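Quick heads-up: structures coming right below.
Two complexes come next, and they have one chain in common, chain A, joined by chain B in the first and chain C in the second.
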Partner chain A sequence: MITLRNIVKEYDGKQDSGRAVDGLNLEINKGEFVALLGPSGCGKTTTLMMLAGLLKPTSGEILFNGKLVNHVEPKDRNIGMVFQSYALYPHLSVRDNIAFPLRERKIPKQEAYERAKETSKILQIDHLLDRKPSQLSGGQQQRVAMARALSKNPEILLLDEPMSNLDARLKLDVRDEIRKIQRNLGVTTIIVTHDQEEALAISDRVAILNGGQIQQYAPPHELFNHPVNLFVASFLGNPPMNLVQGELREMNGNQVVVTEGFEYLLPADRRLDKAHMGKSVKFGIRPHDIAICSPTDHQRIKMKVDLVEHLGSGKLVKVIDPLGKLDTMIRLLTGNEAEIESGDEVYIKFKENKFHLFDMNDNGRNLLQYK
Partner chain B sequence: MSTSTLKKLLVHTYMTLFTLPIIAMIIWYFLAATMNFTTGQFSIDNFSFFTEPVEYAGVKLPLIWPIVLNTLVYSFLIVLIEVCISVPTAYAFSRLDFKGRVSAMKFLFLMRSFPGITLIIATFFILVQMNLVNTYTGVLLVAVTGSLPGRVYIMKGFFDEVPWDIEWAAMVDGCTRYRAFKKVLVPFVLPGIGAISVFSFLGAYGEWFLFKLLIFNDDMLTLAGYLSKLVTKEDQIMNYGLITAIGLFYTLPIILFYIFTQKIFMKVNLGGAKQV
Partner chain C sequence: MDHTTVQPIYKKPFKKKMYPYFFIMPFAALVLVFFVLPAIATIAMSFTDLNASMKPKFVGLQNFTRVFSDYNLPAILWNTAIFSILSLSVSLLFALIISIATQYFLKGKITAVIYRVLWLIPSIIPAVVYVTFWKYIFDPTEGGLINRILLQLGVESDPVSWFSKAAMGIVILATVVSTISGGMILLSAAINSIPEDLYKAARVDGASEKSVIMKIILPTLKWPLMYITISELIGFVSSYFFIMLLTNGGPMRDTTTLSLYAYQQAFNLKYYGYGAAVSLIVVIISFILTLLFLRLFDFDQMIKPSRIED
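So, the complex of A and B:
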């Protein structure tokens, strides 16, 4: 088990401009596959490097299985790491690259080579053992890097954007394969990525980082369906969540979100604390949680179709307020069968209990906890 | 005649015209060494320096073979010292964060561009004070001091090219910082080490000035110094035949070295540029 407690990292001479990692707390169970996901510069690589021991945290504690490892050298941490650039040793053959960590542990050459061969079979590169890294394709190099990280049976596997240099198709294959190997070996794995689809597809839990802090740490579906704040909600999802500025009000005993374009009545089972009334909020709903409805439906909103995009699997419809009062465009997803064209007037409605309310005075905290 | 053959012809003529004087000089060089100009006949008299000490018109120099040995020992020693010092130093400048790194580097750059010859009088006095005049230690000290900044500078460039990831990977894979340097970084910068070795060797092989200045015993000379002794005695007739013969003997190893290593060096360069 890995525990990060209040980790802070300041790069030298960077104190004034803030912290690369700022009070990070994280628990990773044995055998778990965890992704660190976030925008560029949010501190993902820095966190991974501290786990590897290549960087020392400015303050805070890193524990492996309950033992403090802050001052343990990288070579003594029993970790395997795959770098974004793969960082293969160019002067060594593939065989020697994979056997390198074993040879550094004083394992006899013969045995090291045998184990290198076994590992290379798992990754299907045993026919490349005699080549030099420069004679391999990008995908093959990536496999060699994986094999080198795994050959020593590490307790922890660290992957820094391992797939960002592969083409889209290969990415999918490699992703599945990494997941399969990880399951079979049961090695605790931490992957750094800024590809959200990859993170959600591959990991047990995802930690969303922003500004050196964890925004939310949860399984993929929970992040997607129950974002704790505006950042997570808007960062995840493609097409992105619709966000409309509004205000919470009490009207005739009902709680209502009032926006420029529409008023939305909160269902009875979603009533909020009275203290929230009058607050400025963002009303959020995902495109696939909006439906086109009949002109008689409850809580319908009249909209005008601005644009229809064909996605193959369905249609992405962008609608605007026909009166022009609401300045936000709303995106929704429909099936291919929906006959809809730009210029049409339609009624839309929000699927029940799929909306979110983000408190704009509290860093966009989600006021609704669906649980 | 097509335009391309015409072009070729022009280029070839042009190049031949320009290399002609050089070729003529080389031919004269060989002839001067192997011909007796008074009789106009082929002779190997000039090569008698192989078997007996050189002596003419009052110049007396020791037999050449101990000098050859001096040259080899001196040159390889210089290579060894310069490589052993400049590689770790360059690594430190490139990879480590220590106090005064930037100012030390600025100083290094200054030293590299400083005409060392202007310091030679001071150097001489310092060596006298240290009792190092007329010793190899003195020559080595001055020679290495002069050339190290340049070597370090070149090597630093090579280390700067090595991605950090490679070094980190080695450390995760079980290396200490020093072992990562030895097992991964040094192989990575091998072309650079090769390059500075060659520069060092050629520099040492051609060093005559320091020997002329700091060494007073003729049997301690190296080939370059030996040659310079032949050329620069005043008030005497030069024995051109002898000088060219010894000169030929002096240049031959370098020419052979170039012929044999140029292919390897081309390869090394390509291999170095192609990074994984």
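So, the complex of A and C:
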């Protein structure tokens, strides 16, 4: 088990002496697959480097199985690592690359080569053992890097954007394969990525980082359906969540979100504390939680279609205020069968209980977060 | 203006494919006058008995047979070999040590930069000034730096005549100190081009410093090392300038190398024909050594494209 406690990392000698990582707490269970996800500069790679021991935290504690490892050298942490650039040793053959960590542990050549061969079979590169890294394709190099990381049977596998140099289709295959190998070997794995689809698809839990702090650490579906704050909500999802500026009000005993373009009545089971009334909020709802409805439906909103994009699997419809005077703009997803063209007037409806309210006075905290 | 007037079509005076040659011509002419013609003249001269009287007469291979029967030749060849091999190995070794120390162990530190700049100084200052400095250090009188120190410490009671005792050592020392920086710059640049991730991967893999140097740094330096070896070797085999200024080949012929011998024969004794023959032999030796080292470093490997695109 890996525990990070109040980790702070400051790079000295930099002009902006801001903190790359600012009070980060994280727990990773044995055998778990965890992704560190965030925009560039959020501190995810710095965190991984500290887990590897290539960087020392300014303060805080890193524990592996309850033991403090802050000052333990990378080689003594029993980790395997795959770098974004793969960092294969260019002058060694694939066999020597994979056997390198073993040879450095004074394992006899014969045995090291045998283990290298076994590992290479798992990754299906045993026919490439005599090649040099420069004679391999990108995907093959990636496999060699994985094999080198796994050849010493590490307890922890660290992956630093391992798939960012692969093309989209290859990414899917490699992703599945990494997941499969990780399950079979049961190795605790931490992946750093800026690709949310990759993070959500591959991991048991995802830690979303921003500004050197963890915003939310949860299984993928929970992140997606119950974001804790505005950052997580707007960062995840493609097309992104619709966010409309509004205000919470009490009207005739009902709680209502009042926005420029529409008013939305909160259902009874989503009633908020009275203290929240009058607050400035962002009303958020994902494009696939909005439906086009009939003119008689309850809580309908009249809008005008501005643009229809064909995504292949469906249509992305951009609707605006019917009079064109307000800034309200909402994106929604419909099936291919819906016959809609730009200029049409439509009624839309939010699927019940799929909306979020983010408190703009409290760093965008989600008021409807489950406890 | 009349719209129908036909613009006279400008016709280029030469065919298109001629133009590149015009651009090359000025420099090619310089090369011809200052490199090719003198080379041909030297070759021609080596078959004549041209001397101070300036009346050349064709003598066939007589100059060459004279070189090989010259009783000085064994000693001179030996001096040349000692001078070249020692200078080359010491210079390469130090360039390698300094580059690895400053670009790997002290990477990015200001001390590393200062240290490398210090090594550059000997190759920047004019040769005559530089040689005077060495002459002052090893001066055989009490005024010489080393002699003064030794006398003051009481190690020696009389000033030591360094140039008669260790002339070859001093010549090699002075030459090496001024050539190290050339190799150092090339090797440092090559080490600097190694991606940082490789060192990180090596640390994660538990590589020892020895493995990092042997398996990551040295293989990267193969081609720069080849270039430095060949260019410095040719330089040492054909160099005479420092030796001439420091010892002028003495004492006796102890520090006379083949190229200095050629210079002395041609310009001191005015045996131009004979000097040309000796320097032609220097060129042939350099050429053979170059081929030898290209083979040794497996030069074909570098030209062969190894990348397989998918």
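As a convention for this text, the second predicted complex is superposed on the first by the 362 of 371 C-alpha atoms of A that agree within 3 Å, B and C clash if a C-alpha of one lies under 4 Å from a C-alpha of the other, contacts with A are read in each partner's own complex, and residues count from 1 in each chain.
The rule is simple: contacts are C-beta pairs under 8 Å (C-beta built on N, C-alpha and C of every residue); 3 or more make two chains touch, one makes a residue touch a chain.
A quick note: this is a predicted structure, and the numbers were derived from the prediction, not measured.
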item	value
Fit-or-clash call for chain B and chain C when the two complexes are aligned on chain A	clash
Touched partner set for A:E104, first chain B, second chain C, both or neither	both
First, second, both or neither for A:A52, with chain B first and chain C second	both
First, second, both or neither for A:Q141, with chain B first and chain C second	first
Touching partner for A:F358 - first (chain B), second (chain C), both, neither	neither
Which superposed partner A:Y217 touches (first chain B, second chain C, both, neither)	neither
Which of chain B and chain C A:G80 touches, first, second, both or neither	both
First (chain B), second (chain C), both or neither touched by A:Y89	both
First (chain B), second (chain C), both or neither touched by A:F350	neither
Doubly contacted residues of chain A, that is, touched by chain B and again by chain C	52-54, 73-75, 79-81, 83-85, 87, 89-92, 100-101, 104-105, 134, 148, 152
Residues of chain B touching chain A in the complex	97, 163, 165-166, 168-176, 179, 184, 187-188, 190, 274-276
Residues of chain A touching chain B in the complex	12, 49, 52-54, 73-75, 77, 79-81, 83-92, 100-101, 104-105, 133-134, 141, 148, 152
Residues of chain A defined as touching chain C within the complex	52-54, 73-76, 79-81, 83-85, 87, 89-92, 100-101, 104-105, 132, 134-140, 148, 152
Chain A-touching residues of chain C, taken from the complex the two chains share	195, 197-198, 200-208, 211, 215-216, 219-220, 306-310
